[in-house]
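In what follows, structures are represented as structure tokens.
In the two complexes below, chain A is the common chain; its partner is chain B in one and chain C in the other.
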Partner chain A sequence: MRAVGRNVLRKDGVSKVTGAARYIDDLTFPNLLYGRTIRSTIPAGEIAGVHLNFDTAGFTIVDYRDIAGRNIVALIEDDQPCLAEREIRHVAEPILLLAHADRERLLAADVQIDYRASTPNYDPAASAITFKTITIDKGDLDRGFAAADRIVEGEYRVGHQEQLYIEPNGVIAVPGPDGPGGDEGGIVIYGSMQCPYYVHRAITVLLDLPDDHVRIIQTETGGGFGGKEEYPSMIAGHAALLARKARRPVKIIYDRVEDMLATTKRHPGIIRHRTGVTRDGRLTAMEIDVLLDGGAYATLSAVVLSRGVIHASGPYRCDHIRVRGRATMTNTPPNGAFRGFGAPQTQFATEVHMDRIADALGLDPVRVRDINALRPGDTTATGQRLGRDCSARQVLREAVARTDFTRRRKALAGSNRGIGLSLFFHGSGFTGGGEVKLASKAALALTERGARILVASTEIGQGTRTMHAQIVADTLGVPYDCIDVNAADTGEVPNSGPTVASRTCMIVGRILQRCAEDMRARLGAMTPRQYLRAHGPLVVTKEYEKPSDITWDDSSYRGDAYGSYGWACDVVEVEVDRDTWQATPVAFTTVHEIGKAIHPMLAKGQIEGGSAQGIGYALIEEVVMRDGRMANGQLTNYTIPTTLDTPAIEVVMLENPYKHGPFGAKGVGEMPIDGPAPAVINALRHAGFDLREIPATPEKIMRARSASPEQRRPSAERESLRSSARSGSELGVGPQRAK
Partner chain B sequence: MPITLTINGTRTRITAHPMTRLLDVLREDCGLTGTKEGCGEGECGACTVLLDGVPVNSCLVPLAQADGTHVATIEGLRGRHPLQRAFVEHGGAQCGICTPGMIMAAVALGRKPSMDAMRVGLAGNLCRCTGYWAIYRSIRSAAGASKR
Partner chain C sequence: MRGSISNRRLFEPRSLRDALRMLRDEGPLVPMAGCTDLYVSLNFGTLKDTRFLNLWRLDALRKIETRGAGVSIGALATHTNIMRSALVGKRLPMLAAACREIGGVQIQNRGTLGGNVANASPAGDTLPVLAAADAVVVLASAGGIRRVPFTAFYTGYRRSVMRPDELIVAFDIPAVHGRQWFRKVGTRAAQAISKVVMAACDDDRPRIAVGSVGPTVVRLPRTEAALASGASIADARRTLVDEITPIDDLRSTAEYRRRVAANLLARCLTEFGMS
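After this line comes the complex of A and B, so read on.
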């Protein structure tokens, strides 16, 4: 029986429900030491002195001088030190490392750091350091605005968001002789992570070791959501430095507070839209300005910005677009990868703005989207011509029909409830030429009963092992149970690139499929067992091959930004309590077109879970930064959706295959988080609360009420349009502004 | 002074400071690492075990308080509880870090919990992966209440 398209049992299911699955904190080693990180308490300045006010006997102590290689967390810009030398750029910057066998003594050790403080900057717009700027230009903006009957402007703001995987960051570093390189001082690092080869590279650079002296092994990982994309390179570096110096295994597990205070978050952003529209709702020009707060170091800001700007004009057709993006430095802990990676920020703005455009024109929000939604044959902002795998209108129409949106909207008018929608898309795989640069590899080893998958793609809950095994099983023509999946261990698997960017199925899955095709051809009529007897071991390795119809020019930012896109539409009903000003989502429907659901239940799990995170982003997840420090770095006061905050989520999956995806599959992991926030804000707007910012906490909702009419009848801007429409000719004269 | 408690049916004597967290006793002294730590502050429920049948956050329970009690952990279900199978079949476990605590909390809900009973009973167990609905479906299927 075929496995693809069926809900086969997940490979890691039994070990997870029995408690047998081994997460990093479940492992121990003989002679283990515990590690602790001493961090800065100021947001900007210099270290003036370090005082160890404790008996240092039995302690291993490491500072930057113990680093044999380069003192950086190697990633893109190489600007972030693994341990601060002098300059401090943010609160919780690591300065000193301690290790001890006894945790009580370790925690009791008192280290005092003296500083020369300087003036911090928390305003991304006022920053003197820009990590990256990107401009996307399509058509001629002036012409587009000249063709407009009206111009609608808006500014939208999004805050930080914490990934809040339930398992905090943690690693164990084990130095040789157990490690590779034997006594010459190799090192093995076990840890909770998404990208073993990112860690591998960072450690070789930090310790100045050859590749084969460093081995990274992913342990069962209790959630990532981007939060374990780049950060594990930092904590792994710390453990490795301690372990090398102590010549003993060192375990570092963050507690929740440290994890919240020190590790990356979603980039906050300010996004401005200036849009030309015709009277009947056609977009003629889109001018978009994206500013992301990168925090203290570059980390992945450049690529987050890239995905952000490419998605900034939403799933809409428009001939004249300019998107200008900028990511700048502030004195807060570095922001980094989080599911969606810039797209949730920019599409929040686009989708709230679309409702304001509809309002300004007195049009229905569905109609405005339907007129402008991208169709096959249209081009995106980067000039990518979309093929038949574009489903923007289908998901919109399905969502509207399912929820009876238009009638419901009328029925709820004037009540405490509002209904809103969002239409969005998400590109699968690395942006532009990224996949070519990565040149990912995957391999398949023949076993007696089938095959063993060798990839560095990690299982972090999303179902990597299961979904890959399904693809291989059907391609090879063997039962799903006959496919094994190797641990993501750099000592055993090739570099399949990072487990990010909704690429694990569409990109790595496709490489695996090609391995399986090749293997099947070699087997011919033989069973695996017969083949092994006759020819000995067989390992098939393949590398990413760019489909010939994809082109991209990085210097002009033109071309096929992604191999394919998923398309989705969310509809949410929100109720506002007029005593507490709390908004509660009461019904949520999402329609996702994802090419092909390899495992419908896993795909649905991604959509439900991502939608719940998006609802948290919209309403409750607020990182309060005070003097550059997260002031609510505890689960008690940074809250994520519980059972009580998560509405029923209706998921509809549509399939419109992508020709280069395995069995037609596109990515699904990230897209679900792009849509809920704007849908919620649009629902609140429908209920009479005009917000341009998330999270929509009760305070903000209350303020939005006092700034707008109590009960929502036709809004002021609609009135003004109507009155000016009476003197119709004026409308055509020149663009008018609606604020 | 040693403290005696029954863990998954076995009487066990523990010699540790009476203020040691039950969570650490289970994980470190007894090697029962199925019980997880997500926050250590009583907010996430990853450390949920049953203390005389009642779900508690073991990160908040000092050993002394467990003296003479019966403690049940995920290991005590021996992989044979219908909820365990159901969580695998219905997508109730993704990354799995909340799962042992979630299943123990679900055990405490009894045979056929209502929707409300599930939502209220699991409100102290955070899951960042699933959005909870696959967990409800798992519990319902274990109860034979739903055939989805």
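After this line comes the complex of A and C, so read on.
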């Protein structure tokens, strides 16, 4: 029976359900030490002195002077030190590392750091340091605006968001002689991570070791959402430095507070739109300005910005577009990868703006989207001509029909409920020429019963092992159970690139499929067992091959930004409590076109989970920064949605195959989080609350401008507004505005 | 976990008498039971105390029983005990409603009424109920028992009249004859800390208490007096707004708390059939 398209058992299901799966904190080694990170407590300045106010006997102590290689977290830019030397750019910047065999003594060790503080900057618009600027130009903006009947402008703001994987960051570093490199001092690092080869590179640069002296092994990982894309390179570096100095294994596990205070978050952003439209709703010009707050170091800001600006004009046809994006430095912990990677920020702005355009023209929001939605043959902002796998209108029409959107919208008018929608898309794989640069490899080893998959793609809960095994099983023509999946261990698997960017199925899955095709051809009529007896071991390795019809010019930002796009439409109905301004999503329908659902249940899980995370982004999740420090860095006060905060999520999956994807599959991991926030804000607008900022907490909804004069405020209060002479100031509508 | 535990000492009494003696002879000790608040600060690295008195095993303090027409609830009754008590369900349903909205199941199984009161957070969810119901706090020490009206129990932010040698052993709650009302407004639909929490009953006259709008839970004597003398809902809202002193913090704003408290009052009074 074929595996693709069926809900086969997860490869990692039994071990996770029974508790047999071993996460990083489940592992231990003889002579293990525990590591602790001493961090800055100021947002900007210099280190003036370090005082160790404890008995240092039995401690291993590491600072930047112990680094044999380069003191950087190697990624894109070389600006972030692994351990601060003098300059401090953010709160929780690592300065000193301690290790001890006894956790209690480690916790009790008192280190005092003296500083010369300087003035921090928290305003990305006022920053003196720009990490990256990108401009996308299509057509002639002046001509576009000249053709417009109306110009609609708007400014939209999005906040930080914490990934909040269940398992915090953690690693164990084990130094030689048991490790690679023998007595010469190689190192093995086990850890919770998305990208073993990113960690591998960072460690070779930090320790100045040859590639084959460093081995990175992913342990079972309790979620990532992008939060374990770049940060594991930092914590792995710390454990490695301690382990090399102590010549003993070192374990560093963050608790939730440290994880929230020190590690990356989603970039906050300010996005401005100026749009030319004709009277009948056609987009003639889109001028978009994107500003992302990168935090203290560049990390992945340049590529987050790239994905952000490419998605900034939404899934819409327009001949004249200019998108200008920049990511700047502020004195907060670096922002980084988070599911969606820039696209949730920019598409939030686009989709709220589209509803405001519809309002300005007195048109139906569905109609404005339908007129402008990209069709096969249209070109995107970067000039990419879309093929038949463009499904923007199909998802819109399906979502509208299923929810009876237009009738429902009329029916709810005047109530404390509103209904809103969002139309969005998401490019699968690395942006532009990224996949060519990565040159990812995947391999397949023949086994007695079938084959073993050798990829660096990590299972982080999303179903990598299962989905890859399905693709290989069907291509090779063997049962799903006959496919094994190797651990993501750089000592055993080739570099398949990072597990990010909705690329694990579409890109790595396709390379694996090519391995399986080749292997099947070599087997001919033989069973795997017969082949092994006759010819000995067989390992087929393939590298990414760029489809010939994809072109990209990075200098002009023109061409095929992504091999393919997924398309989706969310419809959400929100109820606003008349007394508390709490907005509760009461119905949620999402239509996702993803090429091919390799494993429908897992794909649906991705869509439901991403939608729930998007609802949190829209309404609840608020990172409160005070003096550059996350003030609510604990689960008590950084709240994410519970099942009582999310409605039943109706998921509809459409399949319009991508010709270069395995069995037609596109990416699915990130797209679901792009749509909920604008759909919720549009629903709130329909309910009478005009917001342009998320999270839309009840406090913000309370202060929102009324979307139209007829719209209602909570009834009891309206009464007192009329009856009370002093209610103006009391209710905050007068001059006494808080803050 | 950021707080180390090896430098802390735990006393394990076998009876209430034992516990009170330890408090007198070994004090000061921090009483602990469900630890649902204590462990948060231990985990966060902010727990300074080093000597603790574990009350969890003192089952005698877990009783929920009739007391005249009212109810007596032992300090160690957990939120789950209270939610499941038929007596509470019948005589003090607003307390069961409050317990139901505290934390998740695990917290409800461990957290105690006495702990919620002793922790003295102005956001404690059971506190407005005890205040509105005119509960009496029963305090015990090696020297004897004293009874303090709940409304006189707190003296300021996280401060109370309880002496270091005393334990809360029970709450005596007189009969509530009229309707009862409870509403919690948290940062999400469940498992959240209150931004505003209100309890009310309308015995012979309305009694209203609000949490998270000042340094302690508060009764609203002026609002109650106004209502008793026939004030409209709109007038009562204005009096309430003058009577509370909310602040901006991590979870909400003073303005939001003020406006929501006024709205909740109006909602409650409307449900009580006032106009």
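Everything below uses one rule, namely that the second predicted complex is superposed on the first by the 705 of 739 C-alpha atoms of A that agree within 3 Å, B and C clash if a C-alpha of one lies under 4 Å from a C-alpha of the other, contacts with A are read in each partner's own complex, and residues count from 1 in each chain.
In this section, a residue touches a chain if its C-beta (ideal position, glycine included) is under 8 Å from a C-beta of that chain, and two chains touch if they have at least 3 such contacts.
Keep in mind that this is a model prediction, so the values were computed, not measured.
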Contacts of A:Thr56 with chain B and chain C, given as first, second, both or neither: neither
Contacts of A:Asp25 with chain B and chain C, given as first, second, both or neither: first
Which superposed partner A:Asp12 touches (first chain B, second chain C, both, neither): first
Which of chain B and chain C A:Leu107 touches, first, second, both or neither: second
Which superposed partner A:Leu644 touches (first chain B, second chain C, both, neither): both
Touched partner set for A:Thr551, first chain B, second chain C, both or neither: neither
Contact breadth on chain A, by residue count: chain C or chain B: B
Partner chain(s) touched by A:Asp579 [first = chain B, second = chain C, both, neither]: second
Which of chain B and chain C A:Gln613 touches, first, second, both or neither: first
Touching partner for A:Thr527 - first (chain B), second (chain C), both, neither: neither
Doubly contacted chain A residues - partners chain C and chain B: 255, 634, 636, 640-642, 644
Residues on chain A engaged by chain C in the complex (per definition of touch): 103-104, 107-108, 255, 257-258, 578-582, 584, 620, 624, 631-632, 634, 636-637, 639-642, 644-645, 698-699, 702-703, 714, 716-717, 719-720, 723-724, 726-727, 730-732, 738-739
Footprint of chain A on chain C - complex, ascending: 1-7, 40, 43-45, 185, 187-193, 196, 233-234, 237-238, 241, 248, 250-256, 258-260, 262-264, 266-267, 270
Of chain B, residues touching chain A in the complex: 27, 32-41, 43-44, 46, 73-75, 77-79, 83-85, 87-100, 103, 118-120, 122-134
Interfacial residue positions of chain A with respect to chain B in the complex: 7, 9-10, 12-23, 25-26, 163-168, 220-225, 255-256, 460-463, 601-602, 604-605, 608-613, 634-636, 640-644, 646, 648-649
